[in-house]
Amino acid sequence: MTFQLFGIGILSWITFLPVIGMIIVLLIPKEARSAMKWTAVGITFLQVVLAVVIYANFNYNLGGINSQEGMQFVEKAKWIDIKSVSWFGRVLIEYFLGVDGISVPMVILTALISFIAVIASWKIDKALKGYMALLLLLDTGMMGVFVALDFFLFYVFWELMLLPMYFLIGVWGGPRREYAAIKFFLYTLAGSVLMLLAMIALYFSVTIIDPASGEKLHTFNLLAMMNPANFEPNSLLAGFGTHMRALAYVALFIGFAIKVPIFPFHTWLPDAHVEAPTAISVILAGVLLKMGAYGLIRISFPIFPELAQKYAFALAILAFINIVYGALCAMAQTDFKKLIAYSSVSHMGIVLLGMSALNTQGMMGAVFQMFNHGTITAMLFLIVGVIYDRAHTRDLNAFGGLALTMPKYTGIMTVAFFAALGLPGLSGFVSEAFSFLGAFQVDKLRVITMASTLGIVLTAAYMLWTLQRVFLGKANEKWSTMPDVDGREIFMLAPLAIIILVLGIYPSFMLNIMTSSVNHLVDLVAKGGAAVALIP
Amino acid sequence: MQDLINFLQHPGLTHFLILSGLLFSFGIFAILTRRNAIMVLMGVELVLNAANINFVAFSRYVTTSLDGHVVAIFVIILAAAEAAIALAIILNIYQNFNTVNVDEINKLKD
Amino acid sequence: MELYTIIFYFFTVITLGSTCIVVFSRNIVRAAFALLFAFFGVAGIYIFLLADFIAVTQLLIYVGGIMVLILFSVMLTSHQINVDAKTGVIQTLPAILISACIGGGLVWVFWITDWKVNSQLPIVETTAPKIGEMLLTKYLLPFEVASVILLVALIGAAMIARREKKV
Amino acid sequence: MSQETLLTLALIVWLVPLVDFAVLIFFHKRLPRSGDWLGTSILFAALALSLVILFTKLNYFHDQTLQTIFTWVNFGNVPGIGEMQIDLGFMIDNVAAIMLVVVCIVSSLVHLFSIGYMKDDIRYGRYFAYLGLFSFSMFGIVLTNNLLLMYVSWELVGLSSYLLIGHWFEKKSASDAAKKAFIVTRIGDVGMFIGILILFNTFHTFTFDAIFEAMKAGHIPFGSETWLTASGLLIFCGAVGKSAQFPLHVWLPDAMEGPTPVSALIHAATMVAAGVYLVTRTFAMMTAEALMVIAYIGAITAFISATIAIAQNDIKKVLAYSTVSQLGYMIMGLGVGAYTAGFFHLTTHAMFKAGLFLGSGSVIYAMHNALHRANDHNTDAQDIRNMGGLRTKMPITFWTFLMYTLAISGIPLTSGFLSKDEILAGTLAFGSLHGGWHWVIPITGFFVAGLTAFYMFRLVILTFLGEHKDPHRIEAVHESPWVMTVPLVVLAVLSFFAFYSFNPIGAASGWFYQAVARPDSVVPIAVAAVNTEIFTETLHHSHGLAMLLSLSVAGIGILVAFTTYYWKKINADTVASAPVFKYLYKFFLNKWYFDEFYQATFVNGIDALAAAYRWFDNVVIDGIVNGVAKWTVGITHGVKHTWKEGIAGSIFYLIVFALLSLFMGWQVTVGLLAGSGSTVAMIECGLLGLCVAALSFFLFYVGVGGFDNKIIDGIVNLVVSLAGLLGLLARKLQTGKVQTYLAFALFGVMVFFLWFR
């Protein structure tokens, strides 16, 4: 069974569907506001359907990572082919899409979060057309990052996502939106520049034989970059563990670290979150943060396996800082959104910790935590959005006793909060536990892992404290007439809650997808590390 | 004399070059002497054409590659842009000073 | 004399003749129309140089575009076409000197230089595809820059021209 | 009945409360009576099933462990390890079957009791839903055969406890208590989690059986016995949190903010006993050292909380500290090696302590109603100083309460006597086996037994006997409705010895002791505790002595209580204000100042740290970011004054320079020496880089700050003036006409032509 429609593969459809939606939205007259919304809803819903199709037809036995045969739903075509460019020969860039067990969860997450974000933007008043168009464009960028297997394409999508985000924060955001938007933009751009450098260095180091013409070509193909044999001898990044490679790895790492965000590159996050409209916060936390970690897993680790091992300890230390520092910062916040933004920092630390373990449990925990953090934090931001819509304030101390006036809301929120603090039975626990499990397995990370478990207590502390401040206690007269959640809000929160619950009880629905790929990746990195051990 | 006749009978590179040289000096003359700004502009166009002929001629007779052609195209592009801008400026000047005579616009002196 | 030579001189005469009218005519409208012929002549010269694409471009852009522009502005800037269509000249003597020097110098240089002429005819029959390829490979950057310049010029021209006169 | 059927029944018992929870939480408003009948009947059905399970298990599968396993997560072919998966499952052994019945009994009775007690509560339906959730989670703890599911259920009971303590969340104290309970127990849970990590890391499995088998085969964590002890103690941390052992006991008394039936169910009988249950489950892997620590923790807890209990006036607080104390007892019992006794005490204690709480609930309910009718909102319905003489008004409550008190004090013919006696005998055996300082444990045990008898009888006397202070109020006090008294009676009956052993002075011959045998230690012999045979032998010798001693201390305790509070021979207030006792009393009344100490150190410490980090994030990191931005903007605008605004940016640049130089120095050095890695050279290069950085910073500082104004500006001004001068000269040549300039330009071109010809 081939997954094509009009000769175009399913991954292209899922990636570019929002662009079609964007064009439709742009063509709709200004007055037809509901038509625009429904178009966006329809398009993103189709995307969700496609994601489900991918999920349902995914072959669990294929590993992917560095072999094209292991990739699924592959689409490959010549994209840019310039016969001779004066100073560096023929350039052949491929349009190369494919998914494996690491990208599928992210694809599903992106589709889901985009869909929910559109629903969450129902009450946008200002320039709805532009908003929806940008949101859909952003969707394409995000999806593209997760399906691209060509570095150049990856980079294009990576940058593509940046612009809509800038405008979405800068135009539709809160009072300090310009500052936040520029901060976000510059931070990310700085990361991109480093990534670009590493990308170009890789390009000039890797050659493959073009099967069509038989000539030796440089390539942006990520899978080719993962094979050490493809590195041209004496090229910039040839060999194992050389200093140039270390530099490239660090450059790439910083590029991704800014997106994750890893301490000390994290300060754009609270600002961006606080100023962004709800739906954008949801996307920011739900998907964008995952791109950094995904980049590390998809690009940095397999291409530089020996350095991934060498710097695993440093990564774990950063993870520890993220976990504890984020949690403590969250504890000191009085702004609801800022608190959750810092909790994201803390939770992404767990992803990093799992990754730094470089073993199956840890890596699986990391990828799964990426997914879970996407759903849980999305839910948290939606919840803040709901309350902000009604009260127009996010000051934690201004509330109190909301459980009395908004019982349904409190119920849903309790699920989200407890998922965030890693309550067993909800998905957050499984991934956290696996990350810790994996990191603990590694001798030199053991102490850090133990120290990081401090984060578990701190998270519980600030989450429950927030819960108490906002929902428990005496009802604040000011909010006594606040309506409970309406149907639309339940509709956007319920799917997330159900996913959180189901994956918490039986995580294998998601873990089975990853198993082969994660094992393959771990094996690859381990072998890379072993190879460097052989070098005297 | 025979040389000259022979030369005239067989048009080659030099012919084109000389043609372009003449065109160029005519253009310069127009630029330097005409009072009307539009006429000045015409002179500029002539100069650019002269240069273009040179490019194409060398491309034809010396290198046989087409680089000269490409450059000529760029020149044409620039000429078009320059004409548009210049004419817009002229219109603007006309609106401000109510004249297009360049010699009357001597604000630079002050 | 071969036909080739005759036609060459024909175009040369058209070009230089019209140029003279452009340069020396006092009537601006006449000068503009003469310029049209001058451009046409140059297009012919291009054909002699086997530059078919350039020739066509010349016709399209100069004859079709720039000329129209010039004519328009002539009409827009003359109070009444009949009355003030003639324009004066300035600093004639130094100008004659300088342009004569430059023209003479150029012709002299062209004449005395021993050009290394490649006697073979270029193999390319139609230049357009080759030029297109070059534009997108070797000259990609200038090409892009040029396109940006055109865009800027377009917007800039519109901006400048539509600015209201300040009282 | 086959094994499969039995397991299926257990599964049903486990899952029906979940169904109960799900139905009630969503639909309680649409069900008649908010669905209380649903929860109660489900729990009674579960009770029936659990009795069937216990009966079948003891009669047909007495020495077997029934297990079922399924794969929860499959890690596939893990590099370096091979196929790996996480199996979860259930098991029913005798301990689990007994515990299941205990939980079912208490839970179902509490459901019944709550129908009366919680009547007219605004969140009546949700209350029953949470009870269902709790029962589900508790059954999970009981039935699991692996550490992971244990941990999952462990946290879930924590959640239900949180929700139920915070049931009246409008009260700040209630929501505070709920939060405190969750966080404090979580601290213990983290320890348990690390313990689990260690075990999984070593054995790649979570199931008890597999772990114990591997240990028996000599496979221990990291091949070190210290790690083995550590893992055991870390697992025990979970028990410390949940069972409110010192030093994490502070949450349990606060948890009394929840409704009283909840206190009976969760904070007296079942959840807090889960810690003890956990220790029984992992008993086999505890080394001698670990057990020693456990015993001491238990003894300390028992002692501290008993001393606190004698000074409390809130009826529930007294019972809470009594619970902590009794839990300490159980833990101590397990620690000294009296495995069966510890678990036995858990069972008997569950009955009579649940009864005590329900009885106190009945009293509070009656007092509350009486006060409510008298329109008195100032008097505390839970303060025993406001009570007295309730015996005549509430006979059923009084007699059942007395029964429980006798049981907890260890009076013969009660279940408490049997179990307590066994523990005390165990401590004596422990003392005689270890000798020396370790006699502290039995001494503490007996001392606490005396204290228990004293404060429990103090409670009974002050509450039920004597005269009531306000004669009008006593008239308004009535016995509680039958839904509340029936559970009291049932539990009182269950506090008789006959249910556990037909011999009123020795439990060892009863079915319970037959069913629950101490498991063999699986740890290496060198670090194992005294083995079962020797221990039992010693225990036999000390049994008589223990009984005698415990009876006498209990008698003394009761006697003192009666002398003081009933016959009033001793004035309690005088004693409390006597010079020696004054401070001691205050110390006990304030619970040894634990809360204050934790508040001052950990809570405030974390708060301060959080505030500091927030400041760091906002000022330093963001300051650097903004400083860099400002600095960069400043550079483009002209550098004057910017260094002051961008001081953080400058410092950042300095640091970046320094780090870069260090890094480059290191890279270069390593590169130059081709990996021989001379440290000296590396440091030299680094220092060089640092110097460069400092120099550049200095230049930056001076250049932007001072240097700039004088010299650079001077040069700039000079150039400007020169240009102006030249301009004046050139002006002569100006006509203002464009073409003139062009002519000049062309002239220049010609000159160049000639020049370069």
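Going by the order they are written in, the chains are A, B, C and D; count residues from 1 in each one.
The working rule: a residue touches a chain if its C-beta (ideal position, glycine included) is under 8 Å from a C-beta of that chain, and two chains touch if they have at least 3 such contacts.
Every value quoted in this text rests on a predicted model; they were computed, and no experiment measured them.
For the pairs C-D and A-D, the count of C-beta pairs in contact is higher at A-D.
Central chain assignment: A. Criterion: smallest distance from chain C-alpha mean to the mean of all protein C-alpha atoms. If you average the Cα atoms of chain A and of chain C, the two centres end up 57 Å apart.
One inter-chain figure worth recording: chain C and chain D are separated by 89 Å, centre to centre, where each centre is the mean of the chain's CA atoms.
Chain D has its Cα centroid 33 Å from the Cα centroid of chain A.
Chain B and chain C, compared by their mean Cα positions, are separated by 6 Å.
For chain A, residues touching at least two other chains: there are none.
Shared interface positions of chain B, defined as residues touching 2 or more other chains, are 28, 32-33, 103. Shared interface positions of chain C, defined as residues touching 2 or more other chains, are 90-91, 94-95, 98, 102, 138. Looking at the complex, you find that chain B touches chain D at residues 28, 31-33, 40, 102-103, 105-110. Put simply, chain A touches chain D in their complex at residues 183, 186-187, 243, 246-247, 264, 266-267, 270, 325, 328-329, 331-333, 359-361, 364, 401, 403-404, 411, 418, 423-425, 429-430, 433, 436-437, 440-441, 449-450, 453-454, 456-458, 460-461, 464-465, 467-468, 471-475, 506-508, 511-512, 515-516, 518-519, 522-523, 526. Of all residues in chain D, only 25, 72-81, 84, 148, 151-156, 159, 162, 166, 169-170, 172, 175-176, 178-179, 182-183, 186-187, 189-190, 193-194, 197-198, 200-201, 606-607, 609-611, 613-614, 617, 621-622, 625, 629, 667, 670-671 touch chain A in the complex they form.
By the touch criterion given at the top, residues 9-19, 21-30, 32-36, 38-39, 41-43, 45-46, 49, 52-53, 56-57, 59-64, 66-67, 69-70, 72-74, 76-85, 87-92, 94-96, 100-101, 103 of chain B touch chain C in their complex.
Against chain B, the residues of chain D that register as touching in their complex are 734-739, 742-743, 746.
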